[in-house]
Structure formats: C-alpha cells, structure tokens
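What follows is chain A paired twice: with chain B in the first complex and chain C in the second.
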Partner chain A sequence: MAVATGSPAASRTRRPLTLDAIVRNVLVGLFVALMVVFILGPLLWLGVRAFAGTWTYPNLLPDDWTLRWWQVVVNDGALGIAVQNSLFFAPVTVLVSAVICLPAAYAFARFDFPGRRFFLISLFATNAFPKMGLFVTLAALFYALNLMNTVLGILVVHVLGTVVFMTWIPAAAFAAVPRNLEEAARDAGASKLRVFTSVTLPMALPGIIVAAVMSFLASFDEAQGTYLVGAPAFMTMPTQMYSLVLNYPTQVAAVFSILLAIPSVALMLAAHKHILGGQLAEGFQIK
Partner chain B sequence: MTTTLQKPAELQKTVPPAGATRPKRLGQRAVGFFMALPPILLIAIFVGFPIVLAFGFSIGLTGGLNHTIATIGQNVHEAEAWWGTFAAYQEMFTNKRFLGDLLLTVIVTVVSTATVIFLAMGIGLYLKLKGGRMARLLSGLAIVPLFIPVVIASWAILTFYSGTGFLRSVFALVGVDFPVWAFTMVTVIIGSVWTSLPFAVLMVSSGLQSVPNAMIEAARDAGAGTLRTIVSVIVPMAAVPIIIATTFTAIGIVGSFTVPYFTGPNSPNMLGVDMSNYFSSFNQPQQSAVMAFTVFLIASGIAALYVWANFRSAKEQGKV
Partner chain C sequence: MTIHEPLTESSASPTNPGTPASSGGLTIRGLHKVLGGRTIIDNLDLSVKAGELVSLLGPSGCGKTTTLRMIAGFLEPDSGSIEVEGQEVSHLGAENRPSAMVFQNYALWPHMTVAKNVGFPLKLRKMSKAEIKDKVEAVLELVSLLHHKDSKPARISGGEQQRVALARALVQEPKLLLLDEPLSNLDAKLRVKVREDIRKIQQELGITTVIVTHDQEEAMSMSDRIAVMNAGKIEQYSTPEALYARPETEFVATFIGSMNRLEGTLDGGLITTGTDILGIRPEDVILADAPFAGAVPATVERVVPRGHFQEVYVRRADAQLRSFVTGEPMQPGQQTYAAIRKAMTFRDGRLVAEPGAAL
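So, the complex of A and B:
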C-alpha cells in the first residue's frame, strides 16, 4: 500500500514564478501557519503552564518560572498511585488482548469459515455503539456479576476498547504476507510452526506492533469506563485528570498532562513509521 | 493487498496442492472458526448481551438482571405487558432539553465531520499532487493529535480558547476583545476536529496515494484541469477509504464524551454528556439508556454506510 511520502504526480513540471504562483504559495503558507497554531498551539500553551509561577493576562508568557508544581505532583500520594495503576493496566491489557485477539486475526486472514464476515462486522459493534452508552449498559451487568470496583472489571473495559485494533490491524498484516512465500518454505521442508515463526510472524510484525501500541494507548487513555467501573477504588491517570482539573491549580494539571503524554509520545514515535506507512489505514478495511 | 477469500480458491484451481483433500479443508474451517471465537465471545458477553439487556430496560422490562438497576434508579417506567412500554421513549422525545441536545449532537457531528474530511482531503490531495517538504510538514502536523491522550487534548484546547487563553491574549495585545470560546459549542467542534484529524488524514491520504499516477497523467493528457482530475479521477478511485474515514469520524464524534464534557457548556451539550449526567447525577438510568439507543440508532445508520463501502471494495477486489 502506498506510503504517505509517495512520489507526487506533478513534481517534475516546475512552473515559472508568476503572480498566480506567488499568491498560491502565500495561501499555502497561511494555511500551514494556521494549522501550526491550531494543532500545536494548545499543547504549547499547556506545556508552558507546567513551569509557570504567576501569569498575568494578557501577557503571552508567565511572569516568573518555577518547578514547584512538579514537586507537588511527585509528593502527592494519590497521583503516584494513579501513575502506578496506569502502568499496571496498560501492559496487562495489551497482553490479554493479544492472547484473545491475535489467533483470531490470523484466522480472519488465512481461513475461510462460516460466519467470517458476520464476525468481522460484529467486532465493529464495539465502535459503533457510543462508548458512554456502552458503559451505562455494562454497569447493570457488572453489578449483577460483582465486577464493580474490581481489577477484573476494569480489565474487561480496557480490553473491550482494544479488540478492534488487535484484530483488524494484525489481520490485514497477516493477509499481506504472500502465500507463495509460506508455501516455498513448506516445500523446502519447514514445519508449519517453523513457517509461522520464521516467515509469517516476522513479516506481519509491524502490523502487530502498531496494534499493540494502539491498544496500549487505548488502555492508557481510557477514562470514562474506568471512572464508571473503577472509581474511587481504582484511579488511573486519565480518571485522576477529571478530578485534578477541578480540585488542583491549573499548573498541577499541566504537569500531570505532560507526565501522561510521555508514554504516548514515546510509543508513537517508536512506531510512527509503521503507522504512517499504512498499517493502521490498512487494518480498517474489512476484507 | 488483496490476499483474501478469493485467493485460496484460485490457487487450488491452478495448482492443486498435494494434501488439500476435502476433509482437511473442512478441518481448517473448523480451526479458523474456533480461533476467531474468543474475541467474538468477549464482545457477545460484554457488548451484545448488555445492549440487549439495556434495551429491555429501556422499554420497561425491569425483571431479571435489570432488577438491581431498576431498584436503584429513579423515575423508572415499568412495563405492564410482556412486550414492554415505550413510556421512557415518550418521556424523552417530549423533553425539550433532550430534543435540543439531540439536534445539537447532530449539528456538531455534521459540522466537525465535514471540517475533518475537508482538511484531510486538502492535505491528502496536496501531498499527492504537489508533494515536497511543505506537504510532508502538513501531514506530519495533522498526525500529532494521535500522540496526545484525549483528556489532555480537551483540557489543553479549553485553556487555549479560555478567557485568559492564547487567542484572547494575542487579540487583547492589539486592543481587540476576542470572544471567549471556552465552554461553548465552538470549542466542542474545535476539540472534535482536533482529535479526529489524524485518523482521517491517515486513511484519506493512504487512499489517495494508492491512485496510480499514470491515471492522473492520462487525465491531464486528455486535457482535464486539476479540479476536473480530482473530481472525476482521484476521488472516485479513493472513494472507499474516504467513506471509511467519514463514517469512523462521524461515529466517534456522535458518541463522544470527553471533549464535550471538558470543553462544552453544562447545558445544552452533546448526548454523551447528557447520558452520563442522567446516569450518575440524576440517577435516571432508564432515561440514560433511551439516549444511548438514540445515539446508537444514528451511529448504526452511519455504520451501515461503512459496511456497504467495505463490501463494495471487497467485491471489486474479488473481481480483479
């Protein structure tokens, strides 16, 4: 599938610099500038706040700088526990989700079985139903099953949010592995397991990594369901954000936001080549 | 990438593999079925079943597993007949606040989705037709929100457009009193666009990139202008990814909670926030369920479009 940086169709026809071209370039430049403000502006505005002492409106920078808010966050026990909880739930969610979903992803890519289409579409149901509505309906069942305020209950909520990623994206990746490569390995005498571990899996790995990253972040960012099912017994970083914004100075919330964004940014940067390379886009087309 | 259903059949016609006998294929089908089962069961138990249960609750069937929630909740309409009652729906659909919020939800969804797709198309087409550093910068920028948790994004956007936010500060320095957008529907739309942009851009630009350059050049050689080439060659060929991007964006926004909760007004607001308020603050779970099913109805309408687009693409690829 095409990569975002593909060769443009018209790059070799260089037009002379006319008034028309200048106007067009100015318009493009203006649009880019607007996009920079629109996308990055809020993040920078928030980031600066984490180091701000006092800030007088309408100055564009704070009056003085301080690291005191970072100390507040580090010394606050509740916030520390939230960090711990988040770092527990996200990896466990990815693991559980992988165990449940990856075999299914392989099956969707390689086997034709009755109900395949129906299965693929019913996975989509988790995305079509409004999340808040889903958690509201889930609450009734969780009360009945005694899953409210339990680790298992939160895990169920988190894993539910990852099923689509963990099934669709690896399925597309498995499907993209050429069958004749696998058959060639079989002809050369490799066992089925050997073919899978040394041909299929390595070739599908980028897709699986993208799925794992997206799942990790889905769990790490999940707030509504965790709040409904887990609060106040289990607070994660995003659910802590809800109360933080109301009960703490804005600077503390800003520091916490930066902390919460670190894993996301790190993981995304690590996998961005595959995500931009079409693994994500490929996964969302049911075949 | 079309390795799907059709491939095995084709292979077996041309190259009969040594051990592919009928019972084995049957066995493979069973293996496939059981391998695919776990996530389906998970969805069935924790999504499908609760939805059925909640639908029963919304039409006043308060027995069985719904008993606890019906006892806790207030203002619950109970059915007298076995087929239920639409009293809760009747109550909500004559409730002015709900109807206003429903309309608002639809408007926010339409406006935000249109903006997102417009931007994604613009960026995607620029990348395809022009390329260069500027185009890569633009598409890179559009992906940034993917890196940021929605909770943080919502809050960052709120402070950016607040009374003491960046925009107001900049305009105040030149003596203009800029309106406060925080806690209005403007920030809800801005936030929705912000958070939905990366997926749409990835999807749309991936679709546009896969249009063969030869086709575009052929259209140009035949005398078609840029606009004509876009409208009658590029967009039709990338229609499926564009539809997928549109439906996913719309579904995401119609049921969104965090963005409107953080950045929107208390009332009127989107149904995601209403749902949560009715459930937790007002303790009226049945009314909350009615809202969930209203949003679900809208979402499933959009989802049908998605499924249709996918089937069409699978069919086309099958024929190739």
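So, the complex of A and C:
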C-alpha cells in the first residue's frame, strides 16, 4: 500500500472499509488461523493426549480421561533417571561452555590477532556438517580415549553443540560495549579486571544470558550425540524419548514431551522477563 | 552556589577555594606521538599553572584530543614527560593517575544510577558506604542534580548527563580535571549555560583544568589561557585577549575570530600591492555616511544580517572589505565611506608588525 502524503492518506485510512483494509484483514486472519492449526493445534492435541485413556476415531475428545500415563512416567525408574541426567547435563554444559567460550568471545570482540576471522568463522564448522557424520567420527576418537559411556564424553558432545552460541552472541555483546565506558572506569581508578567485572560484564550480560539460554536448550534437546556416546549407560530425556515412542503407548510420549517442555518454557519466560525488563531495556531503550 | 565541606576536606588536593595549590599544576615536556606513520604530536611543551583553566583549541586532527588522552593515560607517548604537581605520571596507567576526565559523550554507565555512577570512583578507593553517600550527595548538590540521584542515566537530559559526568570527575578530588569537548553534544543555549557552570565550579574549587575544544567561542569565554594547536604543535599559548589582539601567526589570526585577509601593504590607510599578508579584523573597518579622516569612498555590495549586528561587504578602489555594523541597516548599492583602523601584517605566516594604528 503506497501512502503518499499527509492529509489525503490520513482521511483514506480513517474510512472504514477500503479494498486495502479488507485484503489486510483477510491476510491477518489467514495467518492467525495457520498459526493456530500448526502450532497451537499439535500442542493442544499433546495436552489432551497426555490425559486420554482410549481415544477412537472420529471422536473429537477422548472416550475417557485418566492420569495413568503420568503414573507410568513418574513410577518408571528409568524415566526418573533420564530426567535427573538431563537436569545435570544441561546446566553443567552451560557452565563448562561459558568458562571455555566467554574468554574467547571477549578476545574476539576486543583484540585483533592473526587468524581472528578464520577462527570466528571456523566455529561454524561443527554446525556445517551433518551432525551424525561428526558424531560417528567423534565416537571413533572417543573409543580410543576411553570416553565412550562416560560423563565427560557426553559433556564434550554437548559443549561442542553450544560453542557457536556461546562465542558469537557474547562476542557481539562484548563488542557493543562502548570503549569509553571502559576507559571511564579505568580513569575512575579501576583495574583492568575491575573494569571487566563492573562495566563490561554487566553491560554484556543480556547477550550472555541469551547465549546461556540457547546453550541450555541445545544441551537439553541434544539426542543424537548423547545416544551414540552415552546410551545405554546414560539416558537423558531426549534419548529416553526415542525408546518411549517405540516401546510405550503414545500417551506416555505425550506426557513425557510435556515434561520435557517444562524447563524450556520456564527458562524462556524467565529470560524474557529479565532481558526485556532489565538492563537491555534501560540501556538500549528497547521496549 | 556554596562550596561543600566534603569536597574541600582533603588537604592533599588543590581544591581549597581561593588558595592556589602548592606547586605545579601540569607540565608537559617534549611530548611526541606517531600513529600509523604520521606524526600526531610533534615535540609539544605545555605548562598549566595550578588552579588554571587552559583550553587546547584547534581544528579536527590537530592532535588536541590525542594530547588529552596521553595526559589521562589512555595513550602512551613515544617520548616526553608529563608531570602533575611535580609527579611524573607518563609511566602510570589511567587508573593510577591523579587526573579525572569528563568524556565527550559523558560515558556514564547505563546500568548504574546517577548516585552509583558518581560513587563508583569512591567505591574503588574502599571508602565506607556512609562516607561515599555523603560525598556523592555533596557533589551532586554542587552540580544541582541531587533530585536525580536514583535515576538511570538514560532517564535524564543531555545537560544533566553532562553534569553527572562532571560530578563523577569532581568527586575524585583530582589534581587535574580533563574535559574532552564537554559541550559539543549540547544545544546552543544549554552550551552557554553549562560552560558558565563549569567555569564557576572550576573557579570555586580552584582545580587545575584542561579542556579540549574546537569551538573558539567556548575556549575564549572559559579559559585563563588558550593553546591554539595546529598539526601537532602549539601555534600560540596566551590569554584569550592576547590571542585575539596579537595573534602570532596567520593561522591563529584566521582561527580566532574572523579577519579580512588581503595581500599587500597598508600605506596611509590604503592597500597597495605587496607580498605580505594583511589581516584586518572586521570591527577595524569603519563605515560612515560622510567622509572622515582616512576614509575612502566605497559601495555596499552585500549585507548579511547576523542578529546583533550586520556583516557588510564593501568595495573600495583598493580592495573588498568586510565590516561588522550595528545601528541603521545598510542596503546593497548604498554609497558609504570606509576606513581601516588597524591591520596586522604577516610574513611567511608569522606576525611581523604589531597591529598598529594605520591612520
């Protein structure tokens, strides 16, 4: 829609039903409908399915309701261990990844060293190849190093998957901290370390949090590598999911996916609140 | 505005109003800096007396900001010495120097409140919370911003941010206050007010101050002395009055104020051919309706209204001259009489004759 100048356009938009408006409303309606069908629909089905006893075609709702599947999941020892494993690996992965990647991110942002661009781009290598190919070669290496079926081996696989997030996003965040804010802190009498902890880090924190959330979710959802390196000694929620889908009624898988989604959703909500309600909004005036 | 106790307590700092500090101020000797194969600062000497406010004035790229950054400790000089109150500081990092800087864009930390910004330097000095609170409130009162102490920098205006930056520097009770283009981000009206505020506070605290600016009006109205810089060197270092009345070089004469730049010699009020450069301030070109001593008939060619006065271009037989006129508006084409009251003579860019009366 080409709105040219002031008053005629204004009067045109005020008129209730022009062709433009109709087309726009139809398009918006279509978009919303598609969103509902393809995003909300499956979620709704999942939610209902988790509480369904028998559900026969063509009934719109299940024939009877039950909490049996939740009992199955909660009482199944293997599943409980999977939940525990996931809740262990994801935070530890984020921690290890942060310790390794954040200094690198800072270096990428603040220092110009030979091969800087090459290293930065090469971080994408782990994401550029088909994951399974990478994991198969990794497995060969892990056998040699006795890392198969070990916590360390799984951590290596998980951390590898987060390196790109944990380096690129914080690097951009560090680079966005104006130099003279750091200089002002130096001038005020702060040591280099103090400048980092008091100015650079707090200002880059929103970016680091985003990277941490994405790494957490990446680790939480990692299945292929974990299965290859960890199964059957260490099953996490996503790897357990594979056997569930194959071995149990679909209702159990539904219950399990809901459980699997809870940490992700909680984390997203927390991050959203912190990032949009915190410094990012204050300092960068994003509302 | 009165002076507040916490700021004047320290006996080590030169902040006692009225009494100039023991010795020194700032002394720079043989400062030299080459960046990217280009000489930015060329063997620069500068001495600022205790309690004095000095401006480094010059066009962009003249090296004034580089000089300030070397004084502050953000840039290492290739050679030369920087002494603050007799203490050699050029080997010290910015965090260990007795100077405090106000940055061009204020450089306030957006994640801290105004009070936290101002208190940060004191926190680093391991002061007690109560002491920090007292000092921060005293200095915020000094810059009239106490009511904004809990605001985040993004919530206050540019002029207020600028005063917070000043407060953050003053609270350190520095031996040397450095300001990098402190007014360039403010609008014209506010600029005049803030520069008066800065000057007043500086005078009250008697703090040795160096300001970098490209705005001659700003430098003229605030400074005790001005160092006009060009191509990494100081062209002239004197009081604002002397700078205007007796510019030592043609560069300074052109940069400070405005002038009619003509080639020739002034002979009996007339410009005759010659190889010297004549500099005639517009206010030294006198216009009148009737003939008077030394006046030559002239025609008004162009009139530019400048508010408080008019800028009038007149054509005489010997030259075109520009004059500042107040009173009756003049019209292009109008016949008038123009006399040159005095002129400066430059040879090879340097002043050779004191601006004496030509009449």
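Simple rule for what comes next: the second predicted complex is superposed on the first by the 253 of 287 C-alpha atoms of A that agree within 3 Å, B and C clash if a C-alpha of one lies under 4 Å from a C-alpha of the other, contacts with A are read in each partner's own complex, and residues count from 1 in each chain.
FYI, a residue touches a chain if its C-beta (ideal position, glycine included) is under 8 Å from a C-beta of that chain, and two chains touch if they have at least 3 such contacts.
In this text the structure is predicted, and so the values were computed from the model without any measurement.
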Partner chain(s) touched by A:F38 [first = chain B, second = chain C, both, neither]: first
Which of chain B and chain C A:G189 touches, first, second, both or neither: second
Contacts of A:P178 with chain B and chain C, given as first, second, both or neither: both
Partner chain(s) touched by A:S264 [first = chain B, second = chain C, both, neither]: first
First (chain B), second (chain C), both or neither touched by A:P206: neither
Touching partner for A:G230 - first (chain B), second (chain C), both, neither: neither
Per-residue touch tally on chain A - higher for chain B or for chain C: B
Contacts of A:P170 with chain B and chain C, given as first, second, both or neither: neither
Those residues of chain A which chain B touches in one complex and chain C touches in the other: 178, 183, 282, 285
Residues of chain B touching chain A in the complex: 1-5, 7-8, 11, 17, 28-33, 35-40, 42-44, 46-51, 53-54, 57, 65-66, 68-69, 122, 126-132, 134-139, 141-153, 155-157, 159-160, 163-166, 168-170, 172-173, 190, 194, 197, 199, 202-203, 205-207, 209-210, 213, 216-217, 240-241, 244, 248, 251, 254-255, 257-258, 262, 271-272, 275-276, 279-280, 285, 288-289, 291-293, 295-296, 299-300, 302-303, 306-307, 310-311, 313-314, 317
Residue ranges of chain C touching chain A (in the complex, touch as defined): 72-74, 93-96, 99-101, 103-105, 107-111, 120-121, 124-125, 152, 154, 168, 172
Contact set on chain A toward chain B in their complex: 1-11, 28, 31-32, 35-36, 38-43, 45-46, 49, 55, 57-60, 100-101, 103-104, 106-116, 119, 121-134, 136-141, 143-144, 156, 159-160, 163, 166-167, 172, 175-179, 183, 217, 220-221, 223-224, 228, 238, 241-242, 245, 250, 253, 257, 260-261, 264-265, 268-269, 272, 275-276, 278, 280-282, 284-287
Residue ranges of chain A touching chain C (in the complex, touch as defined): 178, 180-181, 183-191, 194, 198-199, 202-203, 279, 282-283, 285
